[in-house]
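Shared between the two complexes below is chain A, which has chain B as its partner in the first and chain C in the second.
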Partner chain A sequence: MNVKLIKKGNVGEVLLDGRIDAKVTPELEQYFQKIAEQFDKVVLDFDGVPYISSAGLRALRNLYVTMSRKGGSFSVRNVRKDVMDVFNVTGFGMLLNLGM
Partner chain B sequence: MESIVVPAKTDYLDQVTEFVDERLETRDCPASTQMQVELAVEEIFVNIASYAYDSADGEAEVRCEVLEEPLRVVIRFLDHGKPYDPLARAEADTSKEGLLSRVGGLGIHLVKKTMDDVQYAYEDGKNILTIQKRL
Partner chain C sequence: MKISLSTKLFQIMIALVAVAVILFAGAGIFQVYRFAGIMGETNREQNAVIMDTMSESMEEVAADSYRKYVVAEAKLLDGEFWTMRHDLEVLARQVQEILEHPARYTPVDVPRPSLENAGKLTVQLIYSDRADQTDRELNEQIGRVGTLGSTILEIVGGSDTLLDCMVSLPGGATVIVDRTPEAKIGPNGEYLPLNAWRRPWYAGAATHGEPYFSPVNRDNYHNTYEVMAGVPVYVNGELAAVCGSSIQMNSLEGIVSDAQLGENSHTCLINETGGIIYSSWTDGELGMPDGGLKSLRESSNAELVALVNEALTGKTGFSRLLLNGEETYIAYAPLPTVGWAQLLTVSREELNQTALLLTRQTDEVMQESMEALRLNQIDTNIRTVLAALLLLALAAFASKLFANRLVRPIKRMTQQVSEMQGDDVTFHVDDILRTGDEIEVLACSIEEMDAKLHRYIRENSAMTAEKERISTELSLATRIQSDMMPSVFPKFTGAEEFSIDALMHPAKEVGGDFYDFFRIDDDHLALVTADVSGKGVGAALFMMISKTLLKNEAMHGKAPVEVLREVNAQLSESNKEGMFVTVWLGILDLSTLKLSYADAGHEKLLLCHEGKWRYIEKPRRSAALAMLPPDMLELMPTPPFAEGELQLSPGDALLQYTDGVTEATNAQSELFGEERLLDTLNRAPSNEPTELLPYLRGEIDAFVQDAEQFDDITMLGVRLKKQSEHTGNETGEETQK
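This part shows the complex of A and B:
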């Protein structure tokens, strides 16, 4: 799993590259919490993500909650079809305001 | 049916996934189907790794075979941990409120939604979870 951060003022864009499974999630979650402290708005670009499991979904949920609590925002973009199917079947499509 | 036995630890997920992928690759299975099978394998294996033996060491066995008519993969997970039927737990709450208040059961929810058949049995001191997916 590789991540690339693009800073645009108070907006942090994170380009994710790789599978988000149970093995990479603990590290990714720590990274998300660090990003959440630094920015008012976080955008995750999923273009390079071919796979996500429930461990990854929990990390997204926790980032969502952290950003909401601090009055910031969090969004996801460029989601591939297979990952979108996972979002839709688990309610994350709705939670993350992704077009279904 | 071919089989692999590994310590029930998340670190061994890749070995289990590769074992199943090798069997799928003998068939021209669509990439999205393969992803769904990998997802189900991860969810079930990680559940065993996380809960079956509490903090003690234990093993998980994964059996896999591809069957004809209809073409499908059958994967069976066995562990000697405490009896646990993941199919008996309450449905995951996938509403926005549900996801925000408590995230639980999403893994098995995904398994049930993406596989064609999921069966649980407890026999001879073993949890046996069997999934099937048409290829």
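This part shows the complex of A and C:
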């Protein structure tokens, strides 16, 4: 799992690359916490993510909660179909207003 | 081969010391040799200077002293001649007095030579062969001269050098005083004549009319070479008598040869014509002639001729010339009485002898000191080498000691470390290791490391024990978890109008998935599949809570969506971990075969109708339970959960599952996927859950192969029996664990 951060002022774009499974989730969760503190707006680019586990969803959920609490915004883009299905199934897509 | 640290240190130190010592020793020896060289050079230069200075000054000194010497010698020799002449002149005046005034002197008898007086100094009368022995006047003259007999005796007797003294009368008689009267007597006892006028001294004096010294002559009576002098006596202008005397050359030689100085010094007496009268040279240019005079004026050596001429002018001097091809100094001085000259030769070598001696002495001293220096040098070198060896030995000893000292703590450490076998043996920094340098630091580090190691071992043991405990507990938890899910399917299914089967394979010891089925009442069967986000113990606990809450709410007879809403509210309240759970809850009315279900972000339901499996599309979007904290619930779309109804027919089958099925991934990162699932189901030989689920599980395994299972895999299958399959004998109560 590789992440690449692109800073655009108070917007942090994170390019994710690789499977987000239970193995990488704890690390990713810490990373997300750091990102959440740093930026007002966080955009996650899922172009390189073929799979996300429910644990990974939990990390996204927590990031979403953190960003919402601090009044910032959080969005995802370039989500592949398989991942989008997961988002949609779990209802995560609703949170992100991605539409079904 | 291993070389110990101490050996290395030792080698390095000894090498350093050896190099230093060898350099020092080499420098010392070099210095000594250089000094010796300088000494030798100095000595040679000094000798050369001495030789130069000496020969110069010696030449001056020698010139002066030799000249003085030869002058003194010449005076001494000349004194003999002067005395002789003086004696003769005194005698001559007395003879003149007697001959001028014969009347005043009474003739005395003058005896003839006699054999009785042989060897005695006596007065004798000798006639010449032409004399008239009977002539009265002659005999009276003889008698009157004879009065001087005692005087003449005194002259000869008082002199060391005079052989004889005589008064010769022209008439043919001679009054002589000498020690050899026997020589004047012939073999037959006859008196031998003496023809005095033929003698050079007589002839010379008569001719010159003044005192005359004859050249060296052979003496008549003594058979020796002698120098004779004659002094004429004139009466009334007529030669009246000649007084004569002779000096034996032996006496002269004694005087002259006394003047000789050393082996390479010679003395030579020459007369007024340059003839050699005496020479201590036996040969060569100044060699004593074997008879007859040899005039040096005729010499081929021009320098010598010049010198002789100069000497015969009555001068004294000192010259250097080549004599017999050799550099020779010649000092000369006149004998004014006889007009002769004395030469004193000394070879340059002789003159330089002193200088040579001096230089030889300094040389010897120098040689001695050189020898001493050489010995000292050897001594010094030996000492240097000994000192070097001693130093090396000391250095070796010190190095060994130092190296050992340095290495001792390391050895000690090694020993301690190697002894650290059991848990109770700890590394301890003792006095040996308190070196105050890096070794102590190292030792302290080892001690610290040892302490850490021990702590780690303890912790590790504790941890291992803890792990063991957790592992045990986890396996217990797994059992509990699986026990929590209904599993006694045969009994449950046997007499029912439906058959049911389920499986849950956690990816870890405990999973986040669960399934559940239970009867709410006789007509209602609740079916649950759920997936808690994450895995492990936390997920398992969350799952248990969720499972309990769901069953709890469902048992109240609420509609599925109500159940979810209620459980969502309860789960959201205390969810610090941010967990959420997707749930599919279905409640099947067994009498109407109507399925009411609610979905909270869970997978789609699969229905098999008339042997054909299909997905039941979700009625609307939904979100997982506890997706948002209570204060953010308003962000959720309303209503957040979907609900739906499905009319089933006998023979229909249902399959619910968790995403572990569709997201099962093979080594090529391919997902099993919904389509593959559908295909697999449609290819399945049976839709009877007890057969279908293992088949499905087998297919998934075949697809995944060796790839790791990431997610829990949960399946729940239900099949409604056809009327013909009913036994009609319901055994009543459900069994649930």
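Annotations for the structure displayed:
Heads up, the rule we're going with is that the second predicted complex is superposed on the first by the 100 of 100 C-alpha atoms of A that agree within 3 Å, B and C clash if a C-alpha of one lies under 4 Å from a C-alpha of the other, contacts with A are read in each partner's own complex, and residues count from 1 in each chain.
By definition in this document, contacts are C-beta pairs under 8 Å (C-beta built on N, C-alpha and C of every residue); 3 or more make two chains touch, one makes a residue touch a chain.
None of these values were measured; they are calculated from a predicted model.
In this overlay on chain A, chain B clashes with chain C. Look at A:G12: by the touch rule set out above, it reaches neither chain B nor chain C.
When both complexes are overlaid on chain A, the residue A:S54 reaches chain B and chain C alike. Of the two partner chains placed around the shared chain by superposition, chain B is the only one that A:K81 touches, whereas chain C remains out of contact. Using the contact criterion defined above for the overlaid structures, shared-chain residue A:F92 touches chain B and also reaches chain C.
Only one of the stretches 255-263, 453-461, 651-659 or 723-731 belonging to chain C has C-alpha atoms clashing with chain B in the superposition, and it is 651-659.
Common to the chain B and chain C interfaces on chain A are residues 21-23, 50-51, 53-55, 57-58, 61, 65, 82, 86, 89-92, 94-95.
Every residue of chain A that touches chain B in the complex is listed here, in rising order: 21-23, 50-51, 53-55, 57-58, 61, 64-65, 81-82, 85-86, 89-92, 94-95. Those residues of chain B that touch chain A in the shared complex are 10-11, 13-14, 31-32, 35, 38-39, 42-43, 46, 92, 94-96, 98-100, 103, 106-107, 109-110, 113-114. Chain A meets chain C in the complex at residues 19, 21-23, 25, 50-51, 53-55, 57-58, 61-62, 65, 68-69, 82, 86, 88-95, 100. Chain C makes touch with chain A in their complex at residues 507, 512, 531-535, 578-580, 582, 600-604, 621-624, 627-629, 632, 635-637, 640, 659, 663, 665, 669, 671, 673, 710-711.
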